[in-house]
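Both complexes shown next keep subunit A, but they swap its partner, so subunit B is in the first and subunit C is in the second.
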Partner chain A sequence: MTTAAAGTAQGPAAESYLHHGRGLRSWLFTVDHKRIGIMYLALIAAALFLGGVFAMVLRMNLWWHGGGLVSNDAYNKLFTLHGAVMVFLFVIPGIPAALGNFVLPLQLGAKDVAFPRVNLLSFWLYSLGSALFVAVLVVGGVDTGWTLYPPYSLEGARGLGILLALAALFVVGFSSILTGLNFIATIHTMRPPGMGWFGLPLFLWALYATGIIQIVATPVLGITAAMGFLERLFHLGLFMPEYGGDPVLFQHFFWFYSHPAVYIMILPAMGIVSEVVSVFSRKPIFGYRFIAMSSIAIAVIGFFVWGHHMFVSGQSKWASLVFSFLTMLVAVPSAIKTFNWLATMYKGAIVLKTPMIYVLSFFAIFGIGGLTGLFLGSLATDIPLHDTYFVVAHFHFVMVGSVLTAFLAGLHYWWPKMTGRMYGETTGRLSALLVLVGFNVTFIPQFFAGVAGMPRRYATYAAVFQTNNRVSTVGSFILAAGLCLAVGGLLASLARGRRAPANPWGAASLEWSAASPPSHHNFDRTPTAGDPYDFSGLRLVSEEAGYVRAAGEAP
Partner chain B sequence: MTSRLLEPLAAALLAAGPGYLPERASSVAESVDRVFGFIFWLSLFFLALILALTALFVVRYRARPGRTEPEPSPSHHSRLELLWSGIPLALVMVVFAVSTVAWLGMIEPEAGKDPLRVQVTGRKWSWWFDHPGGQGAAELHLVAGRPTELVLASTDVIHSLYLPDFRLKQDAVPGRFTRMAFTPILAGTFPIYCAEYCGTDHSRMTASAVVHPDQASYDAWARQGAAEALSLLDLGRKVAAAKGCLACHSLDGAPRVGPSFKGLWGREEKLADGTSVRVDENYLRESVLKPGAKVVAGFANVMPPVPLEEREMQGFIAFLQTLGNAP
Partner chain C sequence: MSTPSGGEAARGVAPRPRFLAEHFESMGAQLDTSTMGIWLFLASEVLFFGGLFTAYGVYRANHPELFRYAQYFLDWRLGALNTLALIASSLSAAWSVRCAQLGQRKGLLAALAVTFALAGVFMGVKYLEYSHKLHHGVAWGASYRASEEILRSLPEAVRGLPVPDHMGTFFSVYYLMTGLHGIHVLVGMGLYLWLIRRARLGHFGPGYYGPVDAVALYWHLVDMIWIFLFPLFYLV
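== the complex of A and B ==
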């Protein structure tokens, strides 16, 4: 029996995972990876909304160079929470925990992840960590910046907020570690017959590389948070000069996690791009092995570049030299991926549906984000640009622009599988265009402000930078409108969307051979994997029935 | 021959691209901008390449009636892929080399003689500049063409002294000294910012660098209105006496319980453990706060730690510097 036939056979007749059990308890105590993924998606969307509201207040305050909407202290708390919520509750868990959880077992033709209960524990830890962040807000917030540099962050005057924030990082970190562990174990042990390591969909290679970073780097975040906690309470003399500690030591610890964390964010995004660009070019991905191996290369080299955040901190000259050199190396795997994606489009039959438009936006945004990294990895130019708006613009292009466009590409791509509904294509495309335009209008002026010398984390600023900031604020409204439109379009489809076929895009990886939405057990029998990028036998029956593998063709 | 052709071209590109760069007011600014210009054009080329190929492929290979299937083309091509791994690798190595050469010129101490040495103190939320001769000010005063050395300290949290027109930035870290060396080349007044987040008024922790056109102009400034507060040097002299340092450390070169202060600054000292150390700000700070850490050979480890306020420490070091370098 072909896999496609299996999909249709179990189609609407089988009870979908959404109806397998009812009531709140059936969700909160589920061990179904799909439901856990959906719950993550809901919380992550809430985090994006919260962080986004903070960002809009910041941008409005910056409309006037003298500030004026909020006090300096309030501004400082807002940018701290904007950064912390976006980084730890949206961008880091976003793709792996929400989309990864849903898709990974399906792409393996499996019933669930290797450790379903651990997966639920991971979700609860994430919820607990999020609750602690909300508690930080309730007790009055913190104004330390998400980077938490001592001595400032651990000064005696700081109250409960900083302790809650450090506890939140500790807890959220464990959630991330457990997810990475689960994914690696699942990919190792639960591949279906016919799927060797080089038969994995590239999204899984990306999640595997991400898992390595989550397991190795995230414990250091936990250790750092614990050390900060103890330093604050017991004055151990780790980071605070007044007790005999070294504040620069904290920076090493912090960036040992937080730089690889950037790759926790971007690798899964690259995985989505690899899937979407191939499916919507109707062509096998170009240079599968180079793309897979470059994910691993990024994960490994990414561990040794943290000191490029510290070129003006007073770290040793030799450290700066080595970190700059390694930072340059980590640019190469990203370049390889980019050219391979472009080569995938070459001579394809490119279908401009919403996921693909988001991916094309990704090329532009990631191109700018990656290339501006060269200015910051190289020593001479980093000295003036460090801690200016150039850095703010650069990391928003990579961590926000690239990850967000890939996330939205993936969300639209797998939405029919997750919900059983097709989103509205016009709304989706329009949202992608608004996001692309809004994002660039917001952040490109910040490069110019940074080069001209505007430092980051400024509640007020010199009048010469006002035009840059006003354009940026206008852009942020366009971006917000694009995101609202995307979310609105997706939510509207839940009520009004056309029913999704098992395989609406003509993709060849295994998740598309399950029903849309899948049954509780995903597959009635373990499917046999074929080449995830061989679209040759797939024929479009109709928009309603989607693609079906022609009889007689190899699965 | 080629360089004669390329140099004006490079200069033109440099001027055309980053025309929005601030003034080049220090000796290092031009080399930084050269690196900036190089990376700028390199990045722009690759960005244009990525966007052009994306646009071209979308237009040419867009699915449409009559084009529902892709054309046959290889699914991998190792030589091509090695090529587009190798070219970026070579280019980033060139970027690294060019940038590192420029950077080494930024961090090495200026070879120039008679540097103007200014002690910079960051504190929430203002800068303080102690100039030689005891002139303290909330503005940094420099002389165009005169090599300058800034020694940075902080009394509370990490700050970062940022001079955009000089293309320079250095963190001021509590508990240690950091330094920057350069030569201002343009007379004028330039903004100074704090670039490391430090709390409520971080964004108002600004100052100005006043670069005098010549030494005479600087001297005229330094003479007028002598600082009301005790100058750094006077404070240091007072600290040395008041904390009892002079009981064991002479000012005339004669060793007593400890080494004499005379000629100590800048000297290479042999230590009890056989290594040697150069007497600089960080060594002096360590020796005052943790006297047992690096004991000079021939002396007993008997000195008690002497906790000093940050400004006292700076004053004490300024005082030692007046006692002459090693002969």
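== the complex of A and C ==
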């Protein structure tokens, strides 16, 4: 190729990763962490859409207390697939696999993750798992709830659907393990000169803690899915009492993974919040080490609380007592984080750009979700609240509201880096407000319905709860409108957005010293890391040129 | 794009090693990373089997009589033979790493081949055990239908005892755990074939032995898991 002409016009700057290789094959077989991140993002957005459509049908069916939009059987299948698709295909992989893959090596000043081909394998496994979930839908769905409890789930009538669902869990589980493994190895061995453990951006501490859970908890889900699969095929007598099996063991195994899995969801979300709150308060993060260590504390304590899902399963009351106590313990590191974020904002010069508005929404939603968790962690209050809409509202606040707002904060925050385009600020802000209002209008009425005794997972309900449900349904439309607006605004920016400078927000972590979008190798030479939260030397040149570190300022 | 240019060689810069991936600065950094990666993978393997070991404990606690009775179907001498084969193979696997580090090509090939062969012995014995049991209807779960012949072959003291319910559950756990372990042995054999091929091509030496090391670590774990399985099924 003749480089003489091109070299003089634009300088020696390398072409962006988006143009390094063309055609579908250059994407599907890429080992570039940035392209893998973008492909994850596309599939994860599709999963969110699919799960969202299920949710909207559910909410519309609940408009009338007698149901009627879909059959009761279809309702059961819809809520099962809504849960399974959202949990396994959107919330768990969402932040680590899509945003983490893109950002992690950039924040380390590295060329790629430690094992680029394993990373691609992880993406393919995720794609295969997603295809299997779609196949569940095609063969008629399953009506067991996303928890797939036996003996109901493994009984005769549910044949192919349940087998496909268990196979899908097994496959996406391994995708998740490989992502976590890659991230931990990368953070351990590929930090740049000048970056010690306490020089890591907090997003990386969060991904590190997430990786521990992915590696240690997910294999148990894998083996449980395999056991369930073989039990259904060969009647092994592992989980089915009629053959000598123990169905409660399935619950223990399931929650040994699925409780830590909620920290796989929330820890990366907290990592994004730590980045955004500091950058948009123009102030170094408050209590760096406390935030970093509380991520690890949550990951560790999170392994010993699974029994709080099983207070009514017949497990030993002493076990329940210990699980209840340990559950309360998780509140401590979560509160440490929250107070440090608030302290970061205190006397900061807060900039209300879209990512920051989403993060402020996160504080409100995570606060409500966390505090209502205390009622469910306490033995005495959990018994009456168990399997009511209070539980539904609580876990939507922590798993959906918190993760979704943080995900959207991160997506808007790194969008200029990923695409080289600035999104429209007005659209972004409006979408953030709609999501905040829509989410709360949807789920706050469910707390009240739950306390009053409305059970979850029924297609119909007592007429007395109709107002709660109608408000909730209206809220879900506002939420959907907010999400559509956010996606629309981002997509529109691809065509019409202003070109993004390398550092539009004045952030100090290394990804902002790469070009927007970065070149195939991310950096021309390995950068030297400084304090990721020291904004003092950064000056705004212009909206077009973004922030530049003033000459003579470190690093 | 990663081919060393003529200019670099002319200036006396060392050419980039053949097996150094593009995103690493040095062979040392690459080795550190792959070692870290394989240990993390082994951690997840331990948890993968950990689920089954937990299940073993729970079923044993639920049906103690079943586990006492059913172990007489297993021949501890075959189990011991397999244990010896795997322990010996761990030695040859460790030896192969040493040979690779020292650049001893013949020794490396011999150690890799011995490891592969011992794994083959293990799978051969496993095949004999499985086929004998399945031939006599000693299968998993609801498919368990032990033949008269195999029941007569049980020790005198056991034959008179009442047969516990759910015999198949024991064999479900047995086939699951030894079967998953067997799959790991087969994967290991595949990996050793791959190493033998690469060793014949002369890929390994003091500067590059990461794959030999990583596969040996994996193999030690497979060996270790069997060392737990043997007493749990055949002895206690």
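In this section, the second predicted complex is superposed on the first by the 542 of 555 C-alpha atoms of A that agree within 3 Å, B and C clash if a C-alpha of one lies under 4 Å from a C-alpha of the other, contacts with A are read in each partner's own complex, and residues count from 1 in each chain.
As a working rule, a contact is a pair of C-beta atoms (placed from the backbone, for glycine too) under 8 Å apart; a residue touches a chain by one contact, two chains touch by 3 or more.
Computed from a prediction, not measured in an experiment: that's the story for all the values here.
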Touching partner for A:D246 - first (subunit B), second (subunit C), both, neither: both
Does the superposition put A:S378 against subunit B (first), subunit C (second), both, or neither? first
Tell me which partner A:H235 touches in the superposition: subunit B (first), subunit C (second), both or neither. second
For subunit A, which side has the bigger count of touched residues, subunit B or subunit C? B
First (subunit B), second (subunit C), both or neither: which does A:R470 touch? neither
Does the superposition put A:I215 against subunit B (first), subunit C (second), both, or neither? second
Where on subunit A do the contacts from subunit B and from subunit C line up? 246
Looking at the complex, which residues from subunit A come into contact with subunit C? 110-112, 114-116, 118, 177, 181-182, 184-186, 188-190, 215-220, 222-224, 227, 230-231, 234-238, 243-246, 249, 253, 526
Sites on subunit C touched by subunit A in the complex: 21-23, 25, 29, 32-33, 36-37, 40-41, 43-45, 47-52, 54-55, 58-59, 62-63, 66, 140-143, 165-166, 168-169, 172-173, 176
Complex contacts: residues of subunit A adjacent to subunit B: 72-73, 76, 143, 145, 147, 149-152, 155, 241-242, 246-248, 281-290, 312-314, 317, 320-321, 324-325, 328-329, 331-332, 335-336, 338-340, 342-343, 345-352, 360, 363-364, 367-368, 371-372, 374-375, 378-381, 383-384, 386-388, 448, 451-453, 455-462, 533
Give every residue of subunit B touching subunit A within the complex, in rising order. 18, 20-22, 31-32, 35-36, 39-40, 42-43, 46-47, 50-51, 53-54, 57-58, 61-63, 67-77, 80-81, 84-85, 88-89, 92-93, 95-96, 98-100, 102-103, 106-107, 156-158, 160, 162, 164-165, 167-171, 173-176, 178, 191, 193-204, 206
